[in-house]
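Worksheet for the structure shown next.
Chain lettering (A, B, C and D) follows the sequence in which the chains are written, and residue indices restart at 1 in each chain.
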């Protein structure tokens, strides 16, 4: 059983009627709901305004994969929580960064990059081309590409390190392209960035989007937990002359 | 002309007679001296106990490549200086992290990793195998490998992201291996990690080590400076139905 | 059930008493035997002197992962069989290249490299350092490293493209290092190169070696089969002015 | 001085009036002409119907970087010439594969992939987004992207290994994306694939296209020549017990 915690800033849903209409119980609840319908995945939720942002040691101890959605309040996420989450990723926890998490503190910290990009809110269609059809994250999708009718545009240059694997590239009718599905590894943890999901559109109800996120959860699930430290060690072979 | 600033913690040289005997004016001065003998490179020095650690905006404005040596006082490097250096790297400045800089704040920040490894002070010989003989950083070296008679052992697993290019792997007689020359890119900047250089041995006087560092400076020199931001942009092509 | 075909040149075992003593029924049979004791894997054998080298369309149709051991007779492997195997890998079949398969036609064809390296038969111990402890291929191994008491030395520079992931680096007491566990992808297929296995030593009876090979088989098992072609396609969006 | 040989199939220009009107002396001559106007580059031409396809040992001995354009007659390129070119790349010669060279024998041989893609001749505009603005191949271009008014569409999935660096992604108005500028290394040689250049359009007269190709020539120029072989070597350190 892969234990997921779906983390959400959870502000737009409370203050913006348009967002609330789409995600009445929050983007995190929508994510947890469809993940809980998957075999072998059990999801719970956490959000910014919970004590310790809902990411206590007890919660993280029971989290194999964390999904992250944030947008307007990245700066309100406390550094000590970010550091704790980063350490968990280093030790093996998976992390799925969604949409505007490209400039979240945790994504920037783990990639070492700014996550900058260009953007436009114009309700454009987006078409996600499948660059690596054999990657675990691309299983169960239509051949070649899938589309989302309305979303925010995110365009290059996206400031990230060269991904280990580039699974999707998005085409936008307004003229841009975007590396929209990117795999990274840090320490013993796997990280997937996935671009779709502007808060005013029902993107996370989309069947293909749900397939990608569930696949990413399985791909990012830890294979063991490892402490990272710098141990002093003795020689394994006799050194010459001793 | 490539402008280098050689940064050094510069503490061991003041407090440890053994280190002072090897580097009477500091590791940074030794690095600056041999770099200043290279065509097309002009080097200055800076250190932890200088005001702003010697890394004022004025200095960074005139720095194309920064070399970094630190060991016992990583925690004393102020976060705002680290953040400023990271921004400069994102905008194009090169960074050469030497030896125990594997756990410096700046290396951890830019790689997103812990930099953990195992180590042993046993004055071992080390042999650096040249994995990419055609890489710019490997030019002018002996065929196949070069050796340093005495150095500290650094062994795997080294906690770093998969390097873009792995230029050297070190063999130690005590039984370890280490990815000792690693290239990364973050933002518009290039980063090279190079393992040799324990403070009690005259490693930075070694001709091959100097060749590697000078090559790395040339490789990491910026190709333009770029600001990183997230601009809102207009569509380039007419969107359907508008 | 993952269907493996263990392919072997199978010449040394017939002509060299020392090799025959170690592998009386051939290296391929040894590999098939331990793979058949694994859950979810079913292995058969094939060899150079079988009709079509044992790699008929019927056999390949029932092969998910092919393991390859060859040494003295690489040049006797017919090009049309190599081309057929390469096409299968492109379509999704996994390939595990063992030991001296580093200069097999199939490894050279799929990597685009020569596979050259340096070597020495001196019955040295080898110590395989685990560079990526969280990689699927490294699961179930001892912490940090494992050793094989006697094997042939293979040393850098190993002429391969930068691997997608470098899982192991071997240390040899005679002074060399070697990238001994390397992951590649070509088309829809996954390829793993694994260095241990000189024919005069019982390397493939070693428990850790068997763990690695079984892990590699699971990692390389196809996720679907895909034809590769260059289709002419119609525009998906109306072109301006039409 | 970087010595370039611009190789061309040179058939369309002789048989198709439309192509002849665009490139009266051949695509290779157009390429050589603008390269010869660059500082530090000296270019000659060669083509399929020359003896030995114009790629004699004498010519290759004087070639630092080879550019390759082929389309309808890939199969007429003799395997022994392809093998010789591949060996030169392994030894350090640069190779720039243009447009339909994605399925040339030499590109397939060196990448180990099929080079398959989808395509459409519809005279579409293409917009090349600059993914790595700091890469040597992207210097001197407009900010963010450049456009070519008419070209053939090449779309994903492009069957190549994960490039070392992905410099450009092309957007097409008909709805596709394409990894259009890809860096690889094989042996000691550097390889750049660049997508623009359908024979019926004056693409290689475009100033930005010329900038990219000249940059690529400089990037791919050899840093030394190296023979690749598998030498038997003696131990560097005394083996225990000898």
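Methods note: a contact is a pair of C-beta atoms (placed from the backbone, for glycine too) under 8 Å apart; a residue touches a chain by one contact, two chains touch by 3 or more.
Keep in mind it's a predicted model, so treat the numbers as computed, not measured.
Chains that touch both chain A and chain C are the following: B, D.
Simply put, of C-D and B-C, more C-beta pairs touch at C-D.
Over half of the residue numbers found at the chain A and chain B interface occur in both copies, marking it as a same-residue contact.
Separating the CA-averaged centres of chain C and chain D is a span of 30 Å. Rounded to a whole number, the gap between the C-alpha centres of chain B and chain C is 36 angstrom.
Residue positions of chain C touching 2 or more other chains: 127, 133, 155, 162, 164-165, 173, 175-176, 185, 236-237, 240.
Within the complex formed with chain D, the chain C residues making contact are 86, 90, 103, 109-114, 116-120, 122, 124-125, 153, 155, 159, 161-162, 164, 173-176, 184-187, 228-237, 239-240. Here chain D touches chain B in the complex through residues 92, 127, 133-136, 139, 164-165, 173, 185, 188-189, 222-224, 226, 236-237, going by the rule given at the top. In the complex of the two chains, the chain D residues touching chain A come out as 127, 129-133, 144, 155-157, 162, 165-166, 169-171, 175-177, 179, 237-238, 240.
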